[in-house]
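Next come two complexes, and both contain chain A; in the first it sits with chain B, in the second with chain C.
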Partner chain A sequence: MKLDLSVLTSNTGAILGGFAITLETWIAGVAIGILAGLAIALLQRRGVSPINRLLRLYIEVVRGTPFLVQLFFLYYGGPSIGLQLEAVTAGILGLGIYGSAYFAEVFRAGFNAIPKGQMEAATCLGLSRWQTVRRVMLPQMLVIIVPSLSNTIIVLSKETAVLSVITVPELTGVLTGIGSASYAFTEVLVTLCFGYLLLVEMTAWFGRWAEAKVGRYMLR
Partner chain B sequence: MTTPEEQPLDARPPSAAVRARPVMVRLRGVVKRFGANAVLKGMDLDIHKSEVVCIIGPSGSGKSTMLRCMAFLEAYDGGEVFVEDRLLGYSTGRDGQRVRAGDAEINQVRRNIGMVFQQFNLWPHMTALGNVTEAPRRVRGMPRAQANELGMRMLEKVGMAPRAHAYPAQLSGGEQQRAAIARALAMEPHIMLFDEPTSSLDPELVGEVLQVMKQLARDGMTMVVVSHEMGFAAHVADTVVFIDQGLIVAQGPPQEIFQGEQHPRLQQFLQNYLERNAFWTR
Partner chain C sequence: MDSLHSMMQTLPLLLHAAVATLLISVVSLCFAFLIGVAVCAMGFARSRLLRGLATAHVHFFRGVPLLVQLLMLYYLLPGAGINLSSLTAALIAVSFCSSAYMAEILRGGFLGIARGQVEAARMLGLGGLQTLVRIELPQALRLTLPALVSEVILVIKASSLVSVVGVAELTRTAQNVAASNYRPLETYFLAGAVYFALNSVLARLGHLGERRMARAHQS
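And now, the complex of A and B:
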């Protein structure tokens, strides 16, 4: 088998453009997902029962349905309730919603791993709820959850490929387009794999670095 | 809350001198339930200024729950806890019913209470000094330099100044507990609550913590200590309170509790203790 690299070299601009969109949607989606997930996990800790049931339902629905279907709802179903979104915006929002359910579970597990007595000590010393979260819980929780956090971020990097079905011009959309036009599927798919591998390895490396950095005091 | 039949017959009032001092914590008919199970069945107790009160009793008797109610770590279901004459944890709602007070109000009343836990509960991501200065800095808004100076003074007090920059994981159990005491002292409490402070320590480390507590007692701190250390209760306490099944069965000066005429349940409790701990004399 012979690889025809000219298919790639003649489309460098489009491929890099697609890669940039993949990066953009991924990073923005992860940011939304982390913030929303943290908010959900913190709200759950307040223990107000109707709110908790609602949040639980949200997490179950988002985790229990395919990302593809959620995107269809958001992009094609959105206009019927007056939600008209650009493809990229819908992609970022969709990824954020999808990620938030998983991040919420990661944060919840992290909060639960901190011994209750540490919060009681903070309470007795007069620290407010938010001070306790920020000064006592978050720093410790981050150490505990870095591995599962980077795992979820990695999974989301590959979910960006699904955005091509709602016409987001990201890496998978661009490359499969080139493949269909040139019939050079092998070249295109190999490039695609390397593209995602690059993202995943970058994230994994960053995750390990973060683990080593934030975990220093635990190793003493 | 307490019915006359439940009122212990041989409960002795604290000695006149102690009783003449102002009351720091007043428990009136305090009831606590976990589900259908009443853990505290109506407790009355006055803790006076500079009094050292040791609470003894079998496990599951409600000692720790009672202490935790005094810090409102547990919300009591009936009766009243007054800290320096202010009702802890509740305020009167619009309809005259008692409602849980807001966090800020609870913190106001609880401000002068310091608590020491069985598991130390130091924050592992901060040094000993960091643990001690956290509350003065965040709650009192003390500048870092001043907080560090205060922190070092508190660590000095418990003999931990040389270990100020160590993390909890680098400290022995006794050192951790002493740092935890310094952390509570840094907020300058009027009352210190100790929840089995030596129960999770290796036997050879118990002494250093008790030493610190004795010094505190000598300095005139008002202390409530839940402990199995009968020696400490006998030598340091002004008042020993024996709790069984959610009720105060006996209270009085240590010599009365340990040597006086004893309630049958107290007698049994002390006999058990003696058999477990003083085997060499038998």
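And now, the complex of A and C:
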């Protein structure tokens, strides 16, 4: 088999553009997912029963249905109720919603791992609710949740490939498009493979680095 | 009222397609388990080559999105002179992708078994395979059941991607229905509900199995 790399070199701009959209949707989706997930986990701690049941249902439904079906529902079903989104926007929103359920579970596990006495101590010392979250809970929680946090972020990086199905011009969409036009599927798909492997391995490496960084203070 | 009527018409079609989703998932899971056991065993092998291969397997199949693996099988194999139906390509892709996760789950399980048990089994005259099947696997399964159940659910969800290469499972059927009845909102909602029901039942069964195995372990 002979590889014809001219397919790649003559389309460098398009490929880099696709990679940029992959990064954009991924980072924006992760940001929305983490913020919404943290909000959900904090709301769950308030312990208001009807809200809790609703949040639980939200998490179970998002985690119990395929990402692709959620995207179809959002992108093709949305217009019937007046929610007309561009493909990229729908992709980011979908990724954010999908991620929020997983991040909420990660944060919940982190909060649960902190002894209740610490919260009581913080209240006794006159710390406000938000101060307790920011100064006492989040720093300790971070040490516990960094591995599962980076794992979820990696899962989301791979889910961005699914966005190509709803016509988002990200890496998979762009490269398979080039493949269909030139019939150079081998070159294109091998590039695609390496692109994602690079992304995933780099994120995993960064996760391990962050793990060592936040864990350092606990060893003392 | 209109949308309720169309949902009633759609549901039987989707339930029928859910059987295909379930079949694809079950067949893939069986193969994934077997490949996963083999890769896991390779990871514990003395030979550095085998261990390297196991690591490469796990890194590749967990590092590349399933959709890309699927497209590779679907587009590249015909070029190499191998013609697969889209269903076969789908089954192979899902099996191999899941096998990497299975291997890692099982590795955790095997590491959780006390080393002395394997030594004791060998002392009692059990062969290597017998020790694996009678002593190690049952315990590894008990230790990893929760993770295996979530892998089953992940595979059912992942099987939706098979729709992209044209296999007529639940998601693909929902697409076809939505294209003909112009009611994407209701149709995809219903498809999601069927997936959710399927996964809820499996999660419940998983919990039951966990409790059962825990009880068997105690007595």
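Note that the second predicted complex is superposed on the first by the 220 of 220 C-alpha atoms of A that agree within 3 Å, B and C clash if a C-alpha of one lies under 4 Å from a C-alpha of the other, contacts with A are read in each partner's own complex, and residues count from 1 in each chain.
Please note the rule applied: a contact is a pair of C-beta atoms (placed from the backbone, for glycine too) under 8 Å apart; a residue touches a chain by one contact, two chains touch by 3 or more.
Worth saying up front: this structure is predicted, and the values here are computed from it rather than measured.
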item	value
Partner chain(s) touched by A:35 [first = chain B, second = chain C, both, neither]	neither
Which superposed partner A:126 touches (first chain B, second chain C, both, neither)	first
Which of chain B and chain C A:48 touches, first, second, both or neither	neither
Which partner, chain B or chain C, touches more chain A residues	C
Of chain A, residues touching chain C in the complex	1, 60-61, 64-70, 72-73, 76-78, 80-81, 158-162, 164-165, 172, 176, 179, 185-186, 189, 192-193, 196-197, 200-201
Chain C to chain A touching residues, read off their complex	59-60, 62-68, 71-72, 75-76, 79-80, 153, 156-161, 163-164, 171, 174-175, 178, 183-189, 191-192, 195-196, 199-200, 203
Chain A - residues contacting chain B, complex	115, 117-118, 120-129, 131, 135-136, 139-140, 143, 217-218, 220
Complex contacts: residues of chain B adjacent to chain A	71, 73, 103, 107, 110-111, 113-115, 117, 119, 121-125, 134-135, 138-139, 167, 169-170, 180, 183-184, 187
